[in-house]
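You will see chain A twice below: alongside chain B first, and alongside chain C after that.
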Partner chain A sequence: MSVDARDARVFFVDPGRCIGCQSCVQACTECDTHRGRSMIQLDVLDRARSPQTAPVVCMHCESPTCAEVCPADAIKRTEDGVVQSARKPRCIACNNCVLACPFGVPKMASSLDLMMKCDLCYDRTSVGLKPMCASVCPSQALAYLTPDELARLRPAARPVNTFRFGAQAITTKVQVLVPRGAPVEVIDVTAAMHEPSLGHEVAAEVFDAVLEGADAPEGRS
Partner chain B sequence: MSPEAARSVGWGAAATLAVTVLILVGSRNLAHFDAALVAYTFAVLFATFGLAYRYTMWLQRPPTALYWRRGWQAFLQPGAWLGNLASWTTRFASDVLANAFILRRDRSRGVAHLLIMWGCLIAVAITFPLVFGNLHFRAVPGDLSRYEAMVSGFPAFRFEHGSMVGKFLFHGLVWASFLVLAGVMLAVRRRVREQGAGAVQRFAEDFMPLILLFAVSLTGLLLTASYTWMYGYGYTFIAILHAITVIGTFLWLPFGKLFHVFQRPAQLGVRFYKDAGRAGEPALCRRCGHAFSSRMHVEDLIEVERKLGYTYEVADGEVRHYQWICPRCRRASFVTAQSLLWQGTRGGGSLEGSGALPMPRYANPGEGAGPLGAEDAENYHP
Partner chain C sequence: MSDEQPPEGSAPAARRWPEPPLELETIRRFGPHRVDARSARLTAARADERLVKTHCCFCGQQCGVQLVVSGETVVGVEPWYEFPFNQGMMCPKGVKRYLQQSHPDRLLRALERDPGSPGGFRELGYERAIQRVAGEIRRLQERHGPECIGMLSGASLTNEKAYLMGKFARLALRTPYIDYNGRLCMVSAGSGNKKAFGVDRAANPWSDLLGAEVVLVSGANVAECAPITTNYIWQAREHGARVIVVDPRLTPLARTCDLFLPVRPGRDTALFAGMLHLMIEHDWLDHEFIERHTVGFEAAAAEVREWTPRRTAEVTGIAERSIVRAAELWGRAKTSFLLHARGLEHHSHGVKNVLSAINLVLASGRIGRASCGYGTITGQANGQGGREHGQKCDQLPGGRDISDPEHRAHVAAVWGVPVEAIPGPGVDAYELIRRIDRGEIKGLLSLCFNPLVSLPDSGFVRQALQKLEFFVAIDFFLSETARLAHVVLPGSLQEEDEGTITQVEGRVIRVRKAVSCPGEAREDWRIVQDLARALDRAAGFSFTHPREIFEELRRASKGGVCDYSGITWEQVERELGVFWPCPAEVPPGARRPAANGTPRLFEPGSWNPIARGAGPFFFPDGKARFHATPHTGPAEDTDDAYPILLTTGRVVSHFLSGNQTRRIGPLIDHFPEPRLEIHPRLAERLGVADADWVTVESRRGSCTLQAWVVRTIRPDTVFVAYHWGGRRSINQVTNSAQDPISKIPEYKACAVRLRRAEGPPEHAQRLEPQQ
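Coming up: the complex of A and B.
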């Protein structure tokens, strides 16, 4: 299904809103391209002291390191910018992609000799539907929205899709939400490498916004 | 022409020359060469050039080159190569001959692949020696009830015309066709019915090889049907059609999905590399301090990334390269970087503490939700 730019949805990630409910993990296992296995990486950062959970999906890099370091040419990027999971006939399970991905996304299924990773629910998103994880995320830490929906539902946020890892800048198809007023064009990941996680008051901003009617949950596909 | 391409053209030409010499020698200077099959011979020679060219280009990519070298180093390390040979044999039987890993991925996929693979192997084992003139049959002098197989001009074995051996040999391609056709049908069934396969498959990559194999098998069977039951009806036309399908498949071989036949054995080398990595020193994450892979693998990846033009070097004197951060701590760093930007809006304070940052934990380490097996778990901490 072709869609024009106003209707084209973008995957927005806002890990700070994650409440660790694992809905995304369970929904991901329903995806037909990797049935029964979740491709969501969901970690608890500091269980003893913080409620912060870290939901990470494939960011679909414009220049995917995973694909570049693959000795078997097994990882391909579609014309619409989706970095697909390893092609089964080619993947030799060498683990290069798992170790090279700057976001720590791919998983290695050794018994199958196959790397597996999030492919943006290509069976769904290629026909205009939301990815499984975004369709069930109750706090919309993982959200699949049009630009208009983003402006309406997240007035305090704006997207950024360039990240810095040491001297390397990586631009991605999936976008991360930062405060609208923050003077940030590139998120420096390595600068936060040694920072402890936040002991923030859980999603106060989220609930305040809902009470003001600005952040009502969007409809699901 | 780039140096890589020039080198590949050289290897392609050398491989083509080698096959040509083998054909000349095997057919006793073309004495037993079947002129009717000359088009097939040239198609094979073209495919040889294409395969050698692409394989050499592939081997020159930085990650492939490094793995190729490391795989052989691991396999041939002093004192271990005998054991390695034994384990290579086991792995070859399990992975290549029995397709065990494909069956584990998906049973219908595995069965389809086994049928297609063995059908093609049998067909290649029969046709290539015939096309090269390395194999021909003749009547046993003085005994017209028996045939003699001649390999490279030397008598190999004799058999009765009507014996089971004869029937199997002369109809070997028919059996091979049945295997391939059954496999192709299973594969198409899976591709048509499964939504997951449907989402990512492409015509040229996934359907083209099935169509080609189907066409080759069907036209081959039609030849047998024509001369067995139809008094040779349309034989010439079918023979030309069969030649076109076979030659087309050979010409396409270096460029399409079937090239995986030649790439795939690299999987065996990777196993030895992993074995060597496990036996060596582990890599320690420079954020949380835990082991997450082999030191050799991390150092090799740093070299590969540099050759590819990536600059993951970190100014931090202790970390030095982002590759020294384990995948789990990379995710934690990414999420922390984003959360910190919201600190002014959403509140909360950084958790001060002494010593290394705690190791992030899987929210749900259960089957299907967490790591996909032992190796996957090791990647994120043993």
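Coming up: the complex of A and C.
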């Protein structure tokens, strides 16, 4: 399949859809190139208050910080914008990329002395298949779509691929879906870190109302 | 049976059972042990790998998957993008399921109980085991009559196996006493659907969720128990649907829904009564539909007259404004879809709950059309087909009634036996256990059922099973229940046999054999045929391939409500599934089923064998039924001694009694052992902190586990998942009160008390979490 056809599909993350099932994580560990290790992380935001979870995949930055800080030039970005795992002969396991990536994606496989990260299932996407995580995701919080499919399947959403971390602005190949009407052009990640997890107010509000119910379950227990 | 009868088992007799034994030796020998990865994969040449298009073996969604097979080993899974229901999607169970095959715990030979052998069993040859089982059955039946043998079967079996088990019990064992574990799953939905619509199947394919303006999800933790349905609901939302979730817990689906109704467990009928009350008050009714296509509206309306928002709020514990808002959203919608599952159905009034939900659908008139739907979410793989073809105690194939002379005559003709050879109705699975306890049933054959983990009040179940004079279990892993058997016959995994399954939407699909049975293990249908032969009752049990069983099933179901007579395996393969009803013949003028059967029920002008053109519903007059459903709470409500409600359910990484998933390392790690979800307010009052060990106790038994302090549950309710056995089983605590009609047990509400435990219990120190 040609590079053009491959480019026609884009990887989207829609955090509002995530249900925390870990299918993505489990499927990622099945890849032959990193068997038993997941290159995706599922973050549980604040389980005491909300069931909210968020999948963290490599965003495949246009100017990848991981590659920029690599002293051994081990991290390559393909022509079609996929930032690959460190090349084994070059990687010196210095951990620079692990510390520098603003999204916290690269992981050091200490037993192998090798940095490993998501390469967008290059073995699959390069032959026209969807990445494993976006294939299995039961809520399609991770989705790999053509522009047509995006328009048809996500009429209520809009893609954003610029992020701000303090002073640093980053543009990525992977795009995040936000509600169509939301006035968001750039996702300010530093600010978002201080927001309570979604569903938190619901839990507080609804279950507090429960206590006032005249059935007064609380009073009896 | 009338609705007025009190539920069974509700007497508050204080009884306690001994703690389950730790069974360290048995576990050491037979597991559950964990397997983490298939090391073969890394070394195997990819060239010898093949892909087998089949389905996941677990839940009723029945995701299409491709198993990656190398020789006789399943080494992985690959998405099957073309299968229309899931298009490659899978939950973590589907991704890791392949690890159950070639598992070190797999039973390869028959076992015979022997206290002197390691783990309490010694191996014996397959043929000797069959002869021994047949001999014991013959001996018991000669002494006590044929009815002293019972049979418990399961809804994860293919249609072919389920059909054969019903036939085997009636003709080879000659006993009325067969029932199945769908009794813990689909029976309230089934009874409700039959009473209201005359037929028991999801009314619509899931694709009808698209375009629904409102999706009402009641008592269904969709994200964890029916994960693929999540995408359908989110797709509906992309197109503008409002999502309403009714649940005592803020589930992952509820987190971002439009309206969350945190119902107090056991009060669902009250909620739906309150909503119908408001629909009537505001005239949000489809009068024409009610007039032309239903009966019983007046009685249902009279019943809800008293259910003002105020009273509904008082009983359900849901804020009045939320109830009003729910009625408004539902009442004003032009299209809608209502989904429910065990949260609504696992009650001593589960059928009433279902009927009161259906009342909302009928009052709106939104059924039988595109984007206007209703469905109950099937739990087990073949929760649908498994409840249609005769392994239910009162049923014959095709959804026929074992007490109906015409139905009996049809099936007797297909089976080639006199009508009298078919015994009458038996009893439900829990009553079957009670009859074992009373000594009326002395021998038991079980397969695909792990009642010691899955039935409520498991202390009672254990001591009853221990009274059996002879117990034979067919299993692929030694389940907790099979540990009590005298003989265990090695059965087959789903990937070791051919057959069909009917998934959640009523779509018949093909499961394919990927590998052969290992060792002396056999396909379950071969095992029971071998038993029939050894009993000298081989007539009607000489099938050589599941396909031949399906051909007989087609004839047996012909003319019944669940009519498969027009379905062939080729058609199922070609169409990627065929929805029943799919009759081979319809009368002149009636609409023929499409190539893929009948995806949507109750369409205007549709034909069915009961109404015969009188209307779209499966009653002689073609009309659906409203039901007056007076509210009743749980059989065991809270009181001063037991002031907290316990509700139970599932987690995404395990399946039912865990006999398979508790042997798969990555699924164990995801959720290693049960925890007790408790709201911080209740926890604080009891002096319980997160991760503290707590003992949860009812009148029946107790369970000690770690607290999980979360604000996502009602403060008057605690939740525990039920996938574990032994001392980790929450079913030591639950109540065996049953619905008077469906006989489903009340897993979703019983009264408990809680106290902080001194520290970790013995089992936590001596056993691995999954054991």
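Just so we're on the same page, the second predicted complex is superposed on the first by the 194 of 221 C-alpha atoms of A that agree within 3 Å, B and C clash if a C-alpha of one lies under 4 Å from a C-alpha of the other, contacts with A are read in each partner's own complex, and residues count from 1 in each chain.
Just so it is clear, contacts are C-beta pairs under 8 Å (C-beta built on N, C-alpha and C of every residue); 3 or more make two chains touch, one makes a residue touch a chain.
Worth saying up front: this structure is predicted, and the values here are computed from it rather than measured.
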{"item": "Partner chain(s) touched by A:Pro89 [first = chain B, second = chain C, both, neither]", "value": "first"}
{"item": "Contacts of A:Arg154 with chain B and chain C, given as first, second, both or neither", "value": "second"}
{"item": "Touching partner for A:Ala48 - first (chain B), second (chain C), both, neither", "value": "both"}
{"item": "Contacts of A:Phe163 with chain B and chain C, given as first, second, both or neither", "value": "first"}
{"item": "Touching partner for A:Cys66 - first (chain B), second (chain C), both, neither", "value": "neither"}
{"item": "Partner chain(s) touched by A:Lys130 [first = chain B, second = chain C, both, neither]", "value": "second"}
{"item": "First, second, both or neither for A:Glu195, with chain B first and chain C second", "value": "first"}
{"item": "Touched chain A residues, chain B compared with chain C", "value": "B"}
{"item": "Chain B versus chain C as contact partner of A:Asp32, first or second or both or neither", "value": "both"}
{"item": "Partner chain in contact with A:Ser139 - chain B first, chain C second, else both or neither", "value": "second"}
{"item": "Residues of chain A that lie at the interface with chain B and also at the interface with chain C", "value": "16, 20, 22, 25-26, 29, 32, 35-36, 47-50, 52-53, 156, 198-200, 203-204"}
{"item": "Chain C residues within the chain A interface of the complex", "value": "36-37, 41-42, 76-77, 79, 81, 88-92, 94-96, 223-224, 227-228, 230-231, 234-235, 237-240, 250-256, 260, 262, 264, 313-319, 322, 638, 640, 643-645, 652-653, 666, 670, 679-682, 685, 690, 709-717"}
{"item": "Residue numbers on chain A that touch chain B, as the complex places them", "value": "13-16, 20, 22, 25-26, 29, 31-38, 41-50, 52-56, 65, 68-73, 84-85, 87-90, 92-96, 98-105, 107-114, 116, 119, 122-123, 126, 156, 163, 165-168, 176-179, 182, 184, 187-201, 203-205"}
{"item": "Chain A - residues contacting chain C, complex", "value": "16-23, 25-27, 29-30, 32, 35-36, 47-53, 130, 132, 135-140, 153-157, 198-200, 202-204, 206-207, 209-211, 213-215, 217-218, 220-221"}
{"item": "Complex contacts: residues of chain B adjacent to chain A", "value": "58, 61, 63-64, 66-68, 95, 101, 104-105, 109, 194-196, 198-200, 205, 257, 260, 263-264, 266-267, 270, 273-274, 287, 293, 297-298, 301, 304-305, 308, 310-316, 319, 321-323, 325-353, 357-358, 360-364, 368-369, 371-376, 379"}
